[in-house]
Amino acid sequence: MATVTDLKITELKLSEAEGGKWGMVIDQDICTGCQACVAACAMENNVSFVGDVDSGYGRSMHWIRIERFWEGEYPEVKMTPNQPMMCQQCGSATCEPVCPAFATVHSQAEQLNLQVYNRCVGTRYCANNCPYQVRSFNWRDYERPEPLPNQLNPDVTVRTRGVMEKCTFCIQRIHKAQDNAKAEGREVVDGEFTTACAQACPASAITFGRVDDSESLVSQLIKHGHGVKHLEELGTLPNVTYFKGG
Amino acid sequence: MSEQFSRRDFLKLAGVGAATTAILTGCGPASRYVKREPYMQMPEYNYNGQSTYYATTCRECPAGCGLVVRTMQGRAIKTEGNANHPLNLGKTCARGQATLHGLYNPDRVTDPIKRSRGDASSTNVDWDSATQTVADALKNYKPEEIAFLMGTAPDHLFDFVSDLAAATGINAPVRFGALSMFEARATLSKAAENLFGKAGLPFFDIGGAQVVFSFGSNFLETWLSPVSYTRGFVGLREAKTKQRGYLVQFESRMSQTGTKADEWIPLKPGTEAMVALAIGRLAFESRGDALPRAFVDVDPLDVASKSGVKLETLERLAAMFAASAGSLAIPGGPSLGRSNGLAVAEAVLALNAIPDNFGKPGGVYFSVMAPNETESHRPASTQEMQEFVQKMADGKFKVLFVHGVNPVFELPKAINFKGALSGVEQVISFATFPDETALEADFVFPDHHGLESWGYQRVATGSAQPVLSGSQPVVSPFYNTRATIDVLLAAAQLAGGTFASALPFKDEVEFLQGKLTPLMSEAGGFFSAADINTFSAYFQQYGGWWKLDGAFGTPDSADVLNRNLNGAESEFSEGEFFFVPFVSPILAEAGANKPWLQELPDPTTTVMWNTWVEINPETAHELGLENEDLVKIVSEFGEIEAAVYKYPPIRPDTIAMPFGQGHTAYGRYAENRGVNPTDLLGQQVNEAGDLAFAGMKVKIEKTGKKLPIPRLESIMGVYGEALGEEH
Amino acid sequence: MIKRLFDWLKQPLGLIAVGIVFLAVFSVAAYGLYTTQQSPAQPIQFPHKTHVAFGIQCLYCHPGAAKGPSAGIPSQAKCWACHQQIAKTQTSVLLAPLKEHVESGTPIEWVPVAQVPDFVQFNHRAHVAAGQNCENCHGDMTTQTIAENPQVFNMGFCLDCHIKSAGEDQAKLNKLADCGTCHY
Amino acid sequence: MAEVVDLLAVFPDLEPAANAIENLRSIGVHDDCMNIISGIPVTEAMLGRPNAWSNVPRIAVGGSILGFGVGYFLAFVAPYLYPYPIQVGTQAYVPGPPSVVVLFEMTMLGMLLSTFLGVFLDSYFPNYRPMKYVAEISDGKIAILVECSHVDEKKITDTLKKSGAESVNPAEAQHL
Amino acid sequence: MAEMKQHTDAHAGGHHGGHTEEHFREKHLMLDPLPRGQMNDMVMESMTEPPTWRYWTVFAILSVIVAYGLFYSWGKMIVEGLGIAGVNRPAYWGIFLVNTVFWIGISHAGTFISAILRVFKAEFRRPFTRAAELMTTFGLVQAGFSIFMHMGRVWLAYWLMPYPNERMLWPNMHSPLSWDLLAITTYLLSSTMYLFLPLIPDVAMARDKSTGWRKTLYKTLALGFRGTEGEWAHLRNAMNIFAFAIIPVMFSVHTIVSWDFAAATRPGWNSTIFGPYFVVGALHSGMGAVIVVLAIIRATMKHMKYFIRPEHFDAIGKLMLIISMAWAYFFFNDYMVQWYGGDKWTKQLLHFHEAGPMGWMWFAMLIFNIAIPWAILWNPKWRSTPWLVSIVGILINFGMWFERYIIIPVSLTINRMPFTWRMYTPGVEIPLGIGTLAFFALLYMAASKLIPLIPVWEVQEGQMAHKLTKYGRETVVTVSELE
């Protein structure tokens, strides 16, 4: 069996987080691959399910997927640490400049990659140009038979066919937290809210917070751990840090 | 929830209607002629566009995790973990997240119905006649002819029916579920009884341990209380104050838990007991201590040759186990589902005597009793179910009430639950979903979905604090369903006699409050109240009641090693391959009708929406099988067809299949999808009465057909297939 | 055949017919456009101006505006709280529907007037907190009976105000003009 | 001024036509009063005629400047017209090399469009009014259109005939 | 009209001297002048003769294919979404873009022949410039169809146009797709104008020679052209400008198309050679297509054997050979550099190209684009044989389509995330692709009956300039510069 052992990402020493506001730290050592994050993300963000035919054809809409490979030959076969992949919210995103319609742009306020669904015309250039392959496209109007639409989160736009989508770092939660904090006349506190995936993760393998606040939990984790950023050599300045652990 | 919600009162037009709006982008408000119905009575705590959060309990498995459900205008939007709940501390598994796809499933039983058995069509009846039907069933038959079959969860309904049974003489309710069948709880309990002198569900403090030897235990998946055990696993891994813990998994097919192990020992199925004993003996020898009676008889060299684990490996692992103060051995999973399952459980539990970790951090405990629990109730073992089915077939049960379980699907076909139903005159199902058992029932009087119902559930294991997890309706019932307790109460009144007097409750809530009342006087609770209304209000608000402190029970370990332990190999039926069915970590026993659970990739194989059979690539090569080749798997009890998945971490002499698919009813997302491995299983049970589900060998026959199975992973990228020969 | 038709169309009567058809199509289209800019028919001719004249604050009936994303439509319980004490309620023809709905316990089906499309995430609270008055967007209610839509709530309307209120403050502009502020 | 007539002389070939032009010039007909109509492009030099003046190149230059302006607008002005410049992938609001592409394409588009329009403007296309023409021209004949006063008509007709004209007739405007 | 004799005897008499004038006339259109009126009649007749039942059969079949393949399938795809196509993750782009690049490639031949050859005064171009220019315009129409099909929400395609709008949100000029849009629009407009300008004198001729609806049509198209000195001068000026200016436009279009790929951060795409490689590839497929079209025209339309002669196939064959060599050079350049210096992903991709499931396509590409043209086109006799060179032309077009298929969906299979690698299987792309092909053929068939396919005035002009001159004992062809 040809395993893909040589495809491990290069470990790079992490310099100071360049720019960025929101960041995520994922501990692959304790990620059990249980898919709770995937389910939580789908429920929070109105992600469509696509059915057996399309999901078998590489059209599943997961905003987050858990990658794993096999190492070694039986009986010394091992699984590589589970690697949840979602939009890395690159500081210098390759998806952004290639959109002819300005449908995916960089948020100056939140330092995130925005996907403006209503502006998207569906050229899919951004997805081609995403080195992480984390964008999902609405190939069809995926059916949600009644009464399933009752579950839809009203804070998140329901996407139609022909529109690209991707992980937003639960920007609706960011906005809600900021709105609440503002109404109470304070700043958003670290840990006050988190993304749906981080919230659900039974192993607490995902931590989310401000990377520009050196006191936040994510900053502390980044500072004290040996994290890697995926495909950092491309200069994309990703904002998700992975701990391989082990 | 007395407020009359209108679920159509959408603040924002989400859903399909919005799709059209989006298409007409830039054309201003395209949906302006949509009508809005405001509340008729606005709940004071509620504002339009703002979410309300309700604490309740997850009903997707019997563990009893606390949930907080975000609702908006009477719709449940999102489930989140209840951060206060001692069992899951704010976390949920995937099934908990997808519970909303059960609530809003397009294929629920919407009204009480009547049908001829097996006929998919049905006629609606009204609740009055439904209640009358139940009343007649109670009244017209002798109490001993009435039986209740219920789900695994130890919940309020179980208490209710138990009380009813105690007062009227009907048969005590039997709890059962595929999860408990595959968990082999009876075996664990029996082994504890044999070793410690007391039956009970052991709890393993993985988080406090340093070296964990898991003999097939799938504690990260569906075993007992996966969210809690996952937290334990994180404790094992996160080296805050100690070094990173070491997990060794002994199993013939790498489970999801196995994928996270530092070492995976593919021993021959059925040799777990002898391997455990050999490790015990070698551990003692490595320490230079005198061998206790338990380990005297085992010959490590012989074990090495029989189990396929090298002697050096055994010695190394034994030395590791002996050297660490924080060693822990856990039995579980398929290793218990064999003819020698009880011996495996005893041998593995006995290993814990080497570090003598009983009742110590990082060791073996007894699970605590829930607050209103007096004795440990465990779900029925397969043997008990066989007896139950036999009584059905013999006509000893004339009326069968089924709630929260789907035995036609979950029990092995060989046990023939479906056939035995013909011996029962009246079958009444309280199913929320049109499952296989509901299809074989005369009546279906649908209960509310778990998120629409009141109740509580005892947390059987997973937390040191005694927890009674509370449920409340987070949304008003969506369909014309009714709480089973309310149906039974009304029916009991109609039936009169002892039934009426045994159930002096106005409604379900009154019954529940009655059950909660004793807790008010109990010390150590994290809240208390002077009157029951306040107490139950807190109970709802916090999602249950639990003690602030608690301690697991300590097993009496005095005699553990001072006995003979059986290290014999398991017996298997004739066949070519050891057959290991396992519960799908995503779908579990009842997840197949939730579309997003179907869409979640299996953690080990990344397969979605289907069943597969795992075969070692080498074996597949020898048999001339490729991925997605449809093969027929034949046992002496049946045969099924499934597509091949070349799975690297499985023994070449073993094949494995997930349980969870293969429904013939249960809604559009579950029906006619995949196959059910229990169709292959026989009736053999182990000494504790649990099904020897992994105790058989099967044959594989090629069919020459292909069946594409959707998987998330790339066969090219992960296995290097179709990339061309290497340079 | 077609030629004859064309010939017929070329003569004066034909030209007039073409003109009439063209005008008809144009008028229908114009009317269609016009209707989208009109207040929709409501089950009750609710006189906002009367209520405002009584000194009732907007937030009394639409308290959600200060609390969260949606201002909300008041429940009929709220209407009834006052109206049941007003003698006119029992007699007025205009108020009959209210009485009917309250007595039958059915909700009044209002037609929303001020709307933004589904892909716009609008939050009233932030706007009220920023000191925006209701009439800035919804017009002067002292002159309206049933609510009218004085503005086309398109992106230009929103963005103009956002940018104006940010002024020279770059951080505020970043926040207020960001696509992700409204679209996600 | 005396009444003006147009004469249309049809020649079978280049040579007689060139001769006729020379002869006309020798009897005092000015070049401006002659026009040659041919089915294939016969250059002025072949007939010994002064070069025809064309504005097309000038219009093309104007068009390219206009196109460059549009390109400049799209590349350098448009990004700032949206009240809040949009940042994509750490690129500058006005990206360098891509702007060159835009400038180039719009310049070329402007140039080619205006060239095309230049032909229309210079040739008074489209023109469906009746014009002085005979259909044989498209079969290879060369026609000389002479504008002369009524007085000279006879003299010119003779000269043309002498030079080898197949026919000389007062030109009549006709629907083409 | 001059009946063509079998031209095989042209070479029978040896290479030097001894060639009679008759021989030259047979061989070269430019030395075989006919009275202009007669030539006009030939062209008119080729256009106006009533279509045969074969023409109508093919026309009907093509119409059905267009109706189903293009319009029905596209409509269905718009309604149901791109799901009925084969695109997926990671092959987000599929045959739609393959076809787009392919058709833009086809369109390059027209411009190449009529602009570059005009600039360099290659006389053999004269009879078929229009046939080639028509390919440009019709090919670009198909390219436009293909690229719009590709869009997820094609009904919003106008958002990509730079038009003044209320919010002053203009298209993103950072995106290669925006440049594409500008470039393709420029190219489509200019090639259409460039098709139209030299057509004016010919439709003026047709106007003079037709009656009925055709008269109305040609009168309208001729815009009142008479052929006055001024009109010719303006036309000449404009065509000179066009001939020079459209060449950089043509190069820029395919270079920008190549940047769609080259600008992306993907293994195998991020290559600086892609610009010229694509341009040469476009000419390769374009010349192949021209020769096929010429062979068909020559075989099916009346009098075309007079206008299109083996010498033309010979000349285009030579060009094809040169372009094939150039393509091989650029291909190897790209391959070599990526093979030598590429990262592990690029190496994986190159390996996948050759040894993966689509390896047959990779090898077929090399055989069709290099081996077969080289093997056949070196021989003057072979390359003058219409059926043989048109087979080569068809194969080159397959080869070039394969090349784009390998660059787009096959290369998209391999990325930096091996967990997502997945093959692409076309779905509704196939009827849609065939639909564009059929639409191209349909447009061409219709055009062949509506506008003069031969630029008569250009042929006449050329014939005027060609002469036989005797130098000592040898008779040679001489061309005089008329302008």
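Each chain carries a letter (A, B, C, D and E) given by its place in the written order, and its residues are counted from 1.
To be clear about the criterion, a residue touches a chain if its C-beta (ideal position, glycine included) is under 8 Å from a C-beta of that chain, and two chains touch if they have at least 3 such contacts.
Treat the numbers as computed from the prediction; the structure is a model and nothing was measured.
A.B. asks: Find the chain most remote from chain D, comparing centres computed as mean CA coordinates.
C.D. replies: B
A.B. asks: Sort out for me whether B-C or C-E is joined by the greater number of C-beta contact pairs.
C.D. replies: It is B-C, judged by the count of C-beta pairs in contact.
A.B. asks: What chain lies closest to the overall centre, CA atoms only?
C.D. replies: Chain nearest the overall C-alpha centroid, as shown: A.
A.B. asks: Averaging over Cα atoms per chain, report the distance between chain A and chain E in Å.
C.D. replies: That gives a centre separation of 45 Å.
A.B. asks: Please tell me the distance, in whole Å, between the geometric centres of chain A and chain D computed from their C-alpha atoms.
C.D. replies: So the centroids are 63 Å from each other.
A.B. asks: How big is the gap, in whole Å, between where the Cα atoms of chain B centre and where those of chain D centre?
C.D. replies: 88
A.B. asks: I'd like to verify one number: the distance from the centre of chain A to the centre of chain B, where each centre is the average of its C-alpha atoms, in whole angstrom.
C.D. replies: 30
A.B. asks: Give me the residues of chain E that touch two or more other chains.
C.D. replies: Those would be 153, 156, 167, 169, 172, 174, 178, 417-420, 422.
A.B. asks: Enumerate the residues of chain B that touch no fewer than two other chains.
C.D. replies: 11-12, 14, 18, 22-23, 25, 49, 712-713, 717-718, 723, in rising order.
A.B. asks: At least two partner chains per residue is the criterion; list those residues in chain C.
C.D. replies: 117-119, 154, 159, 178-179
A.B. asks: Applying that definition of touch, give me each pair of chains that meets it.
C.D. replies: Final set of chain pairs in contact is A-B, A-C, A-D, A-E, B-C, B-E, C-D, C-E, D-E.
A.B. asks: In the complex, go through chain C and note every residue touching chain A.
C.D. replies: 117-119, 121, 123, 125-126, 129, 174-175, 178-181, 183-184
A.B. asks: Can you check the complex and tell me which residues of chain B touch chain C?
C.D. replies: Residue positions touching the partner: 4, 6, 9, 11-14, 18, 21-22, 25-26, 28-42, 47-50.
A.B. asks: Quick check: in the complex, which residue numbers of chain D touch chain E?
C.D. replies: For this pair, the touching residues of chain D are 35-44, 46, 49, 51-57, 60, 74-75, 78-79, 81-83, 86, 88-89, 91, 95, 98-99, 101-102, 104-106, 108-109, 111-113, 115-116, 118-120, 122-129, 131, 133, 135-140, 145, 176.
A.B. asks: Where on chain A does chain C make contact in their complex?
C.D. replies: Touching chain C: residues 105, 107-110, 112, 114, 116-119, 155-158, 168, 171-172, 175, 179, 182-183 of chain A.
A.B. asks: Which part of chain A faces chain B closely enough to touch in the complex?
C.D. replies: My answer: residues 1-4, 7, 29-30, 32-36, 38-40, 42-44, 46, 49-53, 55-57, 60, 62, 65-70, 73-75, 77-79, 82, 117-118, 141, 144-154, 157-160, 163, 196, 199-205, 245-246.
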